[in-house]
Structures are given as C-alpha cells and as structure tokens.
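Both of the next two complexes hold subunit A, though its partner changes from subunit B to subunit C.
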Partner chain A sequence: MSVDPGVLARARVRVLGPVPIGPADPAPAGLTRAVEPSGRVWLLPAWPDGATPALLEEYQTAPPSMDRPGQARRVFAAALRCCWTDLDTAPWPGRTAAIAAALEVYTCMGRGDADLMRRWGLGDLRRLADSGWLLLDETAGTVRLGPRTAAWPADALSSLRDLLRRLPQPPEQAGAAR
Partner chain B sequence: MSAASEPASPSPGAASLDDVLVGEAILGVYRQMFAALARDSGAVVDDPEMVDVAETLLAAFADAGEDGLGHEQMRHVCRRYPAEVFENRLRVLKGLGAIREVFPKPGQLRYRASFTSVVGLMFVRRMMLDGGQSEMHRLLALEQLNVTDPRMTGEQAAGGAEGLARAFRLWSVELVTLTNATIEELREQAPKLWGSEEIIQRAERLHGAILRRWPELDRTCTELRAAIYAYGDASRRAAARLTDSAGTTRNLTLLPPETWRTFARTASRERLAAVLDGFVFDAAAPWHEPAAIVTAVEEGPRTTAPRPAPPRRSLPDGGLSQDVSAADAGAVERLRAVAEQVLRGGDRVAVHDLLSETGDWPASRRLFADLSSAHLHPELPYRLAWSAELRPRPGDAPSWLSHGHFERIPG
Partner chain C sequence: MTELFEPLLRPYDEKRRAELVAAFMAVEQAAEPVPEPTFAALREPSQRRVVEEMLALVGRTLIRSRDRWISGYRDEVAAELARDPACGQREEDRAVLVLVLIHSVAIPRAEGLLTEDSWMSPVPTSVEELRKRSQLPIGELESALRRLRAAGLVGQVKAGDDTAGGFVPGPQFHRLTAAARRRLQEELILAAGPDSPLAGAVRARRRDRSGRQGGEA
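On to the complex of A and B.
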C-alpha cells in the first residue's frame, strides 16, 4: 500500500509537532517551512486563508485542552520577553536566551514564592518545548522560540508587542544595555 | 496437612516393653510414610526436586521386581540429578527405612523399597495435586462406609468423629485468617473455598448416621456439628469477601486495583509505555494565540495592584483609515471657498448683513455654521469678531441679529 508522502508528512506533523527536515526538502502541500538562521528547516502546518486554530473559538468548538493554560502562557510571555528582543520584526527566529533569565522575568511578573514559581515555570517551559512553542536546551541552560511561533499571523502581534514592552526587563539584558 | 489422616499417637505414659515396641512400630510406619519428604532424619525437604529423586527411585524399584537394585543401578536411574543430591537422598531414605537391604546383613549390595513409602508418597502427591479439600471428601466417604459397616464399634466412630471435628475446626481457623488477610492471598487460596457446600452436606449426613447408630455419642456429635457450622460460616464469609473484591464483573481473574496501583508506581518508564504500544495518539498540540497570551498575563496574579486598562480591542487596530484625512482636506477647501465667496475679495464683511441677505432661517443657519467652522479651524486664516450690538427683527428670519464681522486674519 502506498501512501501519499504529503499525507504522511501532514500526519507526522500533527502527531509529533514541528519536525526538522533537510534544507533542500520541499514542503508538501498544506505545510510551510520555517527556516532558522542556522539553516535548520522545520515543517509547520499551514491553514488556508491565514486562519489559525484560534478560529475554533468563533465556531464555539473546544480547542485542544491543556492543563493550567493561563500559567503556561504567562511563562511563554516571559520567554518571549527574553527571546523576542527586536519587537519591530517577526518573533521567529528570535535570539537565544538563558532559561534562568526567562524564569527571572516570570517570577517578577507575578507574586508568590519565587522558588516555587521557578519550579513550576521550568515545568511549563518543558511542556511548551514538547509542543514545539519553544526550543529548550537544558544542558546548555538556554531557551529559544520554537518554530510554531513562525505560524503567527503578522497582524495579530501588535497587542503582544504592547504587552512585551510592559513586562519586566530580563536581568542579563538590563546589564548588557547599560 | 495431615491432621485428619494420622492415626492417634500412642499414649505417652506407656511404660511396658510391649508398649514401647508398639510405639516403635508405629513410628517406623510414620518414618517410612514420610521418608520421601524428609531432608535428613530430622527435617522435611526444602526443595521439591528431592521428592522427585525419591519418586524416581521408588518407580525403579517397582520395575526391578524381587531382585531389587544395586547401588550402581540406583545411581544410573537417578543420573539426571547431581551426585551429592542422590547420595544424600539415598542415605536419608535408607536411614528412615524406605529403602533397605534385601537381607539385613553387612556387605549387602542389593536393596528393596518399602511398600509403605510408596503409599505415603502417593498420598503426598495427591495432597499436593488437589489440596486437603479433596482428601476431606475421601475421608468423609470412607467414614460413611465405615459407619455402615456392622463391625464398626462406637469407640472407632467417636475417634473418627473427633478427628473430623478437629480437621473442620482447623480448616475454619485457616479460612478466618484468610478472610482477614490481604485480598491477593485470599485470591490465591480461593480454590479451597470451592465446593464447600458439598463437603458440609456430606459431613452432616455422616454426623446424622453416627448419631442414629450410636445415640450415646451425642456429645462428640455436638462437637462435630459445631465444627461443621463454624466451617460453613467461615467459608461463606471468605467467599463474600472474594466476590466483593471482584466487583460487579464477578471475574476473579481480573487484577485487583491494588495491583494496578503498585504497577503504576513501581514500573519503569519503558514498561509503563509498553502498555500503550499499538495505540496511535492524534492529539493536536495546544495553540497559543498572541491575544490569549496577553489575556493570560493580564489576568495573572500581579505584584502591584492592577490599574484599569483602557478598553482595547483584542483584535489588531488598523489605525486611522485613509479617507478620513482626505475628507478633512475636502472640508477645509470647501470652507475656504465659502469664506472667499462671502468676503468677495475684501478683508472684512458684516455678519448681520450676510445673514439678512440670505432671507430664510435654514440657509442663514447653514452659512453661519460654515463661518463658525472657518473661525474655529486652526489652519484657516479667518475669524469672527463680535460687537455688543443686538438688533431684534420681529417678523423676519432670523428674528434677531447680533452685530459682528467675519474677517481675514492678516499675515
């Protein structure tokens, strides 16, 4: 039985999330390529007419559920604050930041026990990395934005830019800027 | 295990030589019976293989006939087993009398096996195979036969009844212990509970037969009856606990929840994952819309008190549309045209004259609105300057006029 390689690739992307491919490989129909400066290429699902899964809400269909979405998104915002430093450009690919810096921003964003927040935050970073929103290198202690952020439509980013300007400065960047 | 099968032991107070001889003979029977199970002369085997050696030997002796077997032949029969195990077994079996010389004299090299040991081993094997319960069935059936035997004495019947009562008592104690033990243990021992109704019926029939034939044994029979009922209660309770634990499925082979929990806690990651081998998961990853991130941060706990944010659309704001400024430019041009038409090339014109020229109120109102707009527009060089004079005009439109001038701002 032969399966259309495009169908196979779409199924793989759906189950595994963004998958790296060779730089020369073409993107099958329904998928787009997100290119890193290092030359690595990721396959991303692309939806027709620039729609995103946020469209599900308009049709009152439940989006894929996740545990504690609010907390995960706050951690994500902290990571974005560190990795998306040039707010005038697109977030992807962004720059590499230290995990500690992202966690520091996260602890400054809310109130509560800082140690506990750091531990929860690390768990959320890992979950975000599992679903392709972040690229986490725990041995090097660094975090980068995941290829999924390349799928954000450009005109939906203005409120996110406003938000990131209001978030606390990452510690190492504050030291480097002065 | 053999509580019901052993005959009553001789009284310990026996003093005469005859009694000692009788006791020694009985002990000899015991020894031969359980020789197969003995590890050494003082203890029971701790490895089932040792029993196998004995069985192999006894089978070989049965084949050999009246000549018996020599040491080499015995070793050959047991060649599957290690030499030291074989030698050990042979020594113990000889010591307990299960295997003995054909003629009791020194230097004897040929051996024969004891008939009692084989019977004992058969009994042991049967007990191993189906446990004490089926043995109870046999004993009850035998006792039933004995009771109908005309040669049976009341004393023998009382002894049998006492033995059975003791067996039932011990059995029910075991069941009660099981009922209070862990459910896994109970599940393992569950076969002991099967068919207990039949045993109780048999025991009751036997009890009735004894009581009818020897009414004077009513005390012993009461004991037996109580033991039977105690056994019935215990077995019912254990069965109830077992069915309770099996839940509504009534499937006793299902694993209990404790086992699942233990597995989930102690299994390695690979073993846990293997449970789901062959399943395909097609869960789409969660999607984080930028607007959702903004909402989550704004709704999150804050270090400072929240300031009310100005109402903002979550959708992107396109800014001012293009045709607004275009319309504005058009309006400025129109105002400028109106002003120049009113001034007629001059620098100054009286507003009250203009308004009375138009004749009707809607027209003068429109003109006055345009002049006011020209006055207020920061880019247009016109202004309205008012004086204090006011002229009422009853019957005309407008019905009163305040005096002022519309003028060009110099410069």
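On to the complex of A and C.
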C-alpha cells in the first residue's frame, strides 16, 4: 500500500523534528517553512487553527516530561537573552551568540558553583539542540535559536519579552549603551 | 497553515471546531492517553471520526486504551518511515530498548505478572542488568538511556524502600497500534527463542501472510 507523499512528509517531520530542505523546495500542505538569513530552510509542523501544544494546559493535560525541566528552561532563557537581542522583532532567526555568553548569563541567574552550573548548562544546551529549540555549533563555540522558535505565535510573546528584559545582560553587551 | 484541515473542519460551527482541534492536539501532544470524558470530540463517535480523518492527514490514527485515547503512526506510514534510514534509531539504543522490553515486559508476561495487551510495565530493568547483557561500556549505555528517555521510549523508576530502581518502557509505547504491538511481540519471540515452536509458528504465519499478499498483487 503506497502512502501519499504529503502524509509521509508530515509524519517524517514528527519523527525528526524540524527538517532542513532545499531553498527552492516547496513545503507540503500542513507544514510551514522557517527561513534563516543564510537561506537555509526548515520544515515545521503547523497545527489546525493556529493551535499550539500550550492548548493542553486548558485541559489539565500533561505534555511529555523532560529531565530537570526548570534548569533546562533557565538555560533556554539565557540562550534566548543572548540570541534574541532586538525584543521588538520576532525571536526567529535572531543572531548567533557565543555559547560562553549564554552560560555566563545562566550562571548570573542563579546562586551556585559557577563551574558546575556551566557544566550542567552545557548539557542542557545540548539537550535543547537535540530537540530543535537551539542550534549549537560546539566547534565554533556558538549558539543560535532553533527553527522551532519560528512557530511561536506573535501574540504569545509579550510575557516572554518581559521575562527576558529582567535577565542579566549578555557579557559582550554589558558595556554597550542601551 | 490551516488549509490542510479546512475541508474537514469547515462544516462545523466555532464551538464544534474548537472541540475537534482540542481533541486532535490532545491525542497528538499529551504524554499519556487522555480521558474520553474530558474531550467532547472524543465522546461522540461522529466527531471522533473527524478527529481520525484529521490524524490520517498527518499519518496518524487514534488508539484506544480502555476509556482513554491517544494517537500513533498508521501501520502503513510506520512501515514507510522504518525504511527511511534518517528515521531509524541507533543500533545501541535499539539494543538497550530490547533489553528493557525483555526484562520489563516479556519475562514478567511469561510469568503471568502482566496480562494486558500492552507494552507498559511496572517492572523495572536494573542498570546492572542492562550493563551486563548489553556489554556496552557504561558511558555508551548512559548516552543510549539518555536518548531513549528524551524520546519517551524508556522511563526511569526511582528505587524505593524495598524496591529496586531501573528503567521501564516509556510513554511512547501507549502509541502502538494493535498490529504494531503484535509485530513487536513476534519480533521478541524470534529474537529470544529463534528455534522455539512459537518462533516456528510466527515464521509460518508470516509466510502465509506474504504469500497471500503476493497472490493478491
């Protein structure tokens, strides 16, 4: 029994998370394109009527759990603080930041052994990259936002902007006038 | 990008439409099967059929466990995805997962401790057992377990006062169709006792099935 190519493409995105495609390739119906400044294009799932998994909260239904979710969220916030620098615009695609800068912001957010926090924080950056929330280039020592952030609805961003404004500034910008 | 679902949703008023979308999102995104009474579109068979049609557009289907529902890959879609090397699991992850299934499900089921047609199990497989049987260096085993946990394929059980901790099949096993559960069962029989009469029966049944399909084609 052969499977419709559109159905298979949508199922594949569920298996793999955001999938890179060629710049000229069309997005099958039900998938949306997220384009990087470099021209690289990612396919993302698009849900009916603009729904997002946040809908589950209205029904007191738990999403899949992850290990150490609080810590992962704080590390993600630190990476967002460094990569989403112009808060008046959309977070995606944002700009490339140093992994060291994201870890610096993270260690400034808590009170603990900074070396230990950096080590755990790097592990969380890797986990966030595995799930498509961040793009990590450990050879170059850089981090960028992952294509999943392109799917955030614009009207859901205001509380995130408020939160990020309260976080420590990334080290390279600390001296710059803002 | 709603146009994919639009032909299915268009006939319904706003309230019904929201109920259909909520049920679709719940079965697709929840960690565990969701209770039927909570979702209007899962309660009514006619609405449930629409949810099923929405899921079919993304290669998925509804799976029932008692009065709860969740979604999983349609069998023909899972077969296609399994042929795609990019979609496969690493070999060492598969090896560790099979050990968890043998120790947490197959052995307890053979002992009569698990009776349901399910791959969920409360019986943990210890890390020691995994290390001994997989023969993987501890670092590789831990990496495999981390990936399997992140994918929801195994869950961790913490040790209690008089119970040992370890790993059990993860919530993704709720998402197997009846045919997928049967295939998994057969694969484990073939792996665990290739010369057993049961394995012989599995091979004979598969020969019959492929022969019939070959005859139909």
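The rule we apply is simple: the second predicted complex is superposed on the first by the 173 of 178 C-alpha atoms of A that agree within 3 Å, B and C clash if a C-alpha of one lies under 4 Å from a C-alpha of the other, contacts with A are read in each partner's own complex, and residues count from 1 in each chain.
Criterion: contacts are C-beta pairs under 8 Å (C-beta built on N, C-alpha and C of every residue); 3 or more make two chains touch, one makes a residue touch a chain.
Since we're looking at a predicted model, the values are computed, not measured.
For the composite obtained by superposing both complexes on subunit A, the positions of subunit B and subunit C are in clash.
Once the two complexes are overlaid on the shared chain, A:77 sits against subunit B while remaining clear of subunit C. Contacts of A:133 after superposition: subunit B is touched, whereas subunit C is not reached. Shared-chain residue A:50: touches subunit C; no touch with subunit B.
Contacts of A:30 after superposition: subunit C is touched, whereas subunit B is not reached. Of the two partner chains, neither subunit B nor subunit C is touched by A:116. In the superposition on chain A, A:160 contacts subunit B only, with no contact to subunit C.
Within the superposed three-chain model, A:12 lies in touch with subunit C and out of touch with subunit B [touch as defined at top]. In the superposition on chain A, A:69 contacts subunit B only, with no contact to subunit C.
Contacts of A:61 after superposition: subunit C is touched, whereas subunit B is not reached.
According to the touch criterion, the shared surface of subunit A, contacted by subunit B in one complex and subunit C in the other, consists of residues 14-15, 53, 63-66, 131. By the touch criterion stated above, subunit C contacts subunit A in their complex at residues 1-5, 9, 17-18, 20-22, 24-26, 29-32, 34, 38-39, 54, 56-60, 73, 76-77, 80-81, 84, 86-87, 147, 149-150, 152, 171.
Subunit B meets subunit A in the complex at residues 280-294, 296-303, 312, 314-317.
The touching residues of subunit A, when paired with subunit B in their complex, are 14-15, 17, 52-54, 63-66, 69-74, 76-77, 80, 108-112, 131-133, 148, 152, 155-160, 162-163, 167.
Of all residues in subunit A, only 1, 3, 6-8, 10-12, 14-16, 27, 29-32, 45-51, 53, 55-56, 58-59, 61-67, 127, 130-131 touch subunit C in the complex they form.
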